[in-house]
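Look at the two complexes coming up: chain A is in both, with chain B in one and chain C in the other.
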Partner chain A sequence: MKRLLLILALFVFAPPLLADDTMPPAAYAYRQLDDPRLEAKARGLMETIRCLTCQSQSIADSDASMAGDMRNQIRERILRGEDPEAIRRWLVERYGDYISYAPQVSPATWPLFAAPLLLLAIAALLLRRRFARSGQSGAVK
Partner chain B sequence: MQDCGSGQVIAEFGLAALWLAAALAVLQLIAGGVALSRRGDALGAVVRPVAIVQGVLALAAFAALVAVFISTDLSVKLVAANSHSAKPLLYKIAGAWGNHEGSMLLWVTIMGLAGGFVAAVERRLPERTMMATLAGQAFVSIGFYVFLLFASNPFTRLAEPAAEGQGLNPLLQDPGLAFHPPTLYVGYVGLSIAFSFAIGALITREVSPAFARAMRPWVLGAWIFLTLGITAGSYWAYYELGWGGWWFWDPVENASLMPWLAATALLHSCGVLAARNALRAWTLMLGVVAFSMSMIGTFLVRSGILTSVHAFAVDPRRGTFILVLLAIYIGGALMLFALRAGSISEGERFAVTSRESGLVFNNVMLSGTLGIVLIGTLYPLLAEAMGMKVSVGPPYFNPFTALFVVPMLLVLMVGPLLRWRLDNFGRVRSGLIIPALILVLSIGIAIVMAPGKMLSIIGLALAPALAFASLLPLRGRRLSRVKLPLWGMVLAHFGVAVSLFGMACDSAFTVEKLVAVRPGEAVRVGPWQVTMKSITPIAGPNWTALEGDLQASYNGTAPSLLRPQSRSFWTPPQQTNESALLTRWNGQLYTVLGDEAADGRWQLRLWWKPFVTMIWLGGVLIALGGLLAMLGHVASDVRRVIARSKIAFRRERQGR
Partner chain C sequence: MSAAPKIPERAAIRTSRWALWLPLALFAGFIVLVLIGLLRPASHDVASQFVGKPLPEFSLRAAADNRPGLARANMIGGKPRLLNVFASWCAPCAAEAPQLAQLAAAGVEIDGVAIRDHKPELAAFLARYGNPYTRIGADDVSAVQMAIGSSGAPETFIIDAQGVIRYQHIGEIRTEHVPMLLARLQEAGK
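For the complex of A and B:
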């Protein structure tokens, strides 16, 4: 499955992103940006981008060569002054929602965001019921 | 050939023991069920002995599996697929449960032993409830025996013995991970006992403080092991994966976190039931939910559904099996609960300002957190089944769980100070002035030191106030008179604060340095000066490695040596990075050796992580608090039993 994804990714990738284990890693794969403010921005984004060749890791925590290429890509774009959220949108456009660990509200994901509201409502209801009733019985000493 | 012959039958012996254990579980279920009827007393007498023998047989089967792994019997399919003759002994043994079949056998073994232990020692509850409980335990075991025997037999032979085994995943060849799964399984299975108690109580409608006292040590025990298991797993991921992350909201991690959250809630509501005979139905409900979470966790990890929903759909035998078991047990238990909940009264009442209310708030918030983790973990699978791929990660889990956890931690500062049933907030107000001041002060400091990082600020602000408030229940008491369970509570709550502080510091203050250096070059990371001395090749039992000699000096003090390795395993071929850590009281220096760069330089990854060790120290404190509470409760139970038998003995003598 992993290999399949990798092959798939190779087809989808544009030439500058072409990943190959035999090639040396790209410039910014294992190097930080010199400006700590920009690096912090890049790091924040990388931590929320899924590595497509490993299981459940972000590209900030991965040794896979593809993750290295994506880190390079993100750092270069941040250096060019792009906004992290714009880069995220660009990545999602290419690879789909799956690449981003930060789900956006969409027809596919609305239950994820409705659920916390529902849970909060249930919690409030449970607590209210419990305390309203015990408030009355507070007279029972 | 001849001494081979004696070794050859070990696998068959194990399989036979497993079949016998399964048969005894069926007998235990039937006898326990019949014992509930009026005429079934005679059969009831066999239930306890059968439960004990069933546990022993399961243990024998497991011992047989460990034996074939130790002798690397390559005619057993499982050994050939997961072991290797050149592997160190520790990992040969750990290999027995480092795979699907073996871990399921470990699961039923622990379950059988726990059931046998309950049958042997638990005499406080009405015998009818005990029969129902042991029948329930047998009912759950049967499902897992069937699963083992028909869908994942660990003792299957190969037609032709393999020439050599395929080895164990190198990432798993680590002492921490050798003992991680058994720890978690003890936790999961302890919750199965709580589940069986809940079923027993639902069937016989016997919910009482005595019931809660019988269930509590099991819940506490399970919870201690889950706490330790999660803590150890997190530390393993931290140092083994080589990037300094300690929690990834990975479904496998969530699978252990969910039972823990449910068990934490159950533990607290159990306390209310034992002390005040309140929250009766709620406690039973949590007993069912906690074990359900254990089973969902096992399903997630063991069915292969996480690797890919599609792979799961292609070979769904095992997954479907566990799914059916889940449906039977969870669905059945919830149905039983729905049928009986109406006839179980809520129990004693209490006012809004009372210890009980604080615990109700804790329970509701923990359940909310559990809900978020459950949805965030299962939704991507559901979406994938419907043809959409979404990822849910830290940007979702962190803020939404904080929504429930932060209010809970605020109430945690006050709740333990309140009295049972009815209290007056004015009584405790004076004690809370200092924590409130600490809170305000640390919010200010945190905003200055970690600007813009919302969750870190909340954590940094809450932790010191919570640490202080957690000690307040000891105020005004003579410390030599404080009972163990109270010490346990104080220690566990203090541990929560410690852990929270570690998490917040790690996310707020970590310094990262990714560089390529030549031997002799020095790098600065935070207060450290790290010099790369040399690179040397070394060899281990089943790997070769390049080892970097790093000299690290903290603010100019005498340097210490670190030796991170980049290891190449050959069975199976895989590269791992062995990080080297340097621990100080105020944090850890984390070093990883990467690949060689083009021009003779070497990749280094360095992190300075202030107070990161507090995360796991807090986890250990929480577990230790649980242990103290458990010892205290068990000791007072034993004292009560002894006193009662003394009274009975005296009465008998006087009567004579």
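For the complex of A and C:
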């Protein structure tokens, strides 16, 4: 019984092998800005910035410490009066387009925007030909 | 019943030749894409876009008692050096310690940026794994890390004498990376 208790105690007090940092979160990592308008601005940006630790999450959703530091920096900058899109550009300048969930038209991304328009145009062309044909056969009947 | 819809036969035959094979071709293309994804998994490293650009202005307080803090001005002049982004809580940072010691022994100056670290924990880490650093700055809110486009720890940057970031090494430095880093440091000094 004593041994069992000891083993249980070892489980309870075992230090985690891969611990994250023990630093308390930065000032604005989990604290909203007092002005709701500014917080909404920050929120809009944070929801479209990729967390670099958990790459399928936005920094608004992630609890990774780096995401917390990014939220802190974004809120501080918004508080200083910076424009959200300027902050996005600052981040893209450092991490590339990958960090932003809001794709911008660039030499690498324009096909993304052009492809749907092109497909719509082709579809319209095909449909017009088909309707024109069925229109003809209708006239014959 | 007698007015059965007249199919434009010629048109139907003309399109079917290649249209018949189109779905199979698309499917084959899809299979090729999946195979490429399986055989060559995408890297999840986010490379810094600041390689080739000058180090931004920064100034960090000392993270350890026996080493001064780190500012941009400390990294300009002399010969190319390494900027090592690390932390005492980061396991691969401990794994690369012998390689950093090897680089320091080869005469490379290494400056450290400790991410979100406490003094006692960092002191214990340095006592256990060695201290190859000339200076160690404390980056409590990952500000310098973000300013140079680093996305995690450990990462190692080569900074030339003019303060320009010349190379970024993502992840721990393994034994096989040491000669490569020495060669790149030499190249950055030319």
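Heads up, the rule we're going with is that the second predicted complex is superposed on the first by the 116 of 141 C-alpha atoms of A that agree within 3 Å, B and C clash if a C-alpha of one lies under 4 Å from a C-alpha of the other, contacts with A are read in each partner's own complex, and residues count from 1 in each chain.
Following the convention adopted for this analysis, a contact is a pair of C-beta atoms (placed from the backbone, for glycine too) under 8 Å apart; a residue touches a chain by one contact, two chains touch by 3 or more.
Computed from a predicted model, the values in this text were never measured in an experiment.
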Which superposed partner A:A115 touches (first chain B, second chain C, both, neither): first
Touched chain A residues, chain B compared with chain C: B
Partner chain(s) touched by A:R31 [first = chain B, second = chain C, both, neither]: first
First (chain B), second (chain C), both or neither touched by A:S65: second
Chain B versus chain C as contact partner of A:M46, first or second or both or neither: neither
Partner chain(s) touched by A:Y98 [first = chain B, second = chain C, both, neither]: both
Partner chain in contact with A:Q73 - chain B first, chain C second, else both or neither: second
Which of chain B and chain C A:L127 touches, first, second, both or neither: first
First (chain B), second (chain C), both or neither touched by A:Q55: both
Overlapping contact positions on chain A, where the chain C interface meets the chain B interface: 55, 96, 98-99, 133, 137, 140-141
Chain A-facing residues of chain B, complex: 241-243, 245, 248, 250-252, 306-308, 311, 349-352, 357, 360-361, 364-365, 367-368, 371-372, 375-376, 379, 383, 388-396, 400, 403-404, 422, 512-516, 575, 577, 594-595, 597-598, 603, 605
Chain C partner contacts - residues on chain A that touch it in the complex: 17-23, 26, 52-53, 55, 65-66, 69-70, 72-73, 91-96, 98-99, 133, 137, 140-141
Chain B-facing residues of chain A, complex: 1, 24-25, 30-32, 43, 47-48, 50, 55-58, 60-63, 96-103, 108-109, 111-112, 115-116, 119-120, 122-123, 126-127, 130-131, 133-135, 137-138, 140-141
Chain C to chain A touching residues, read off their complex: 3, 5-6, 8, 11, 44, 46-50, 87, 89, 91, 115-118, 121, 140-143, 145-149, 151-152
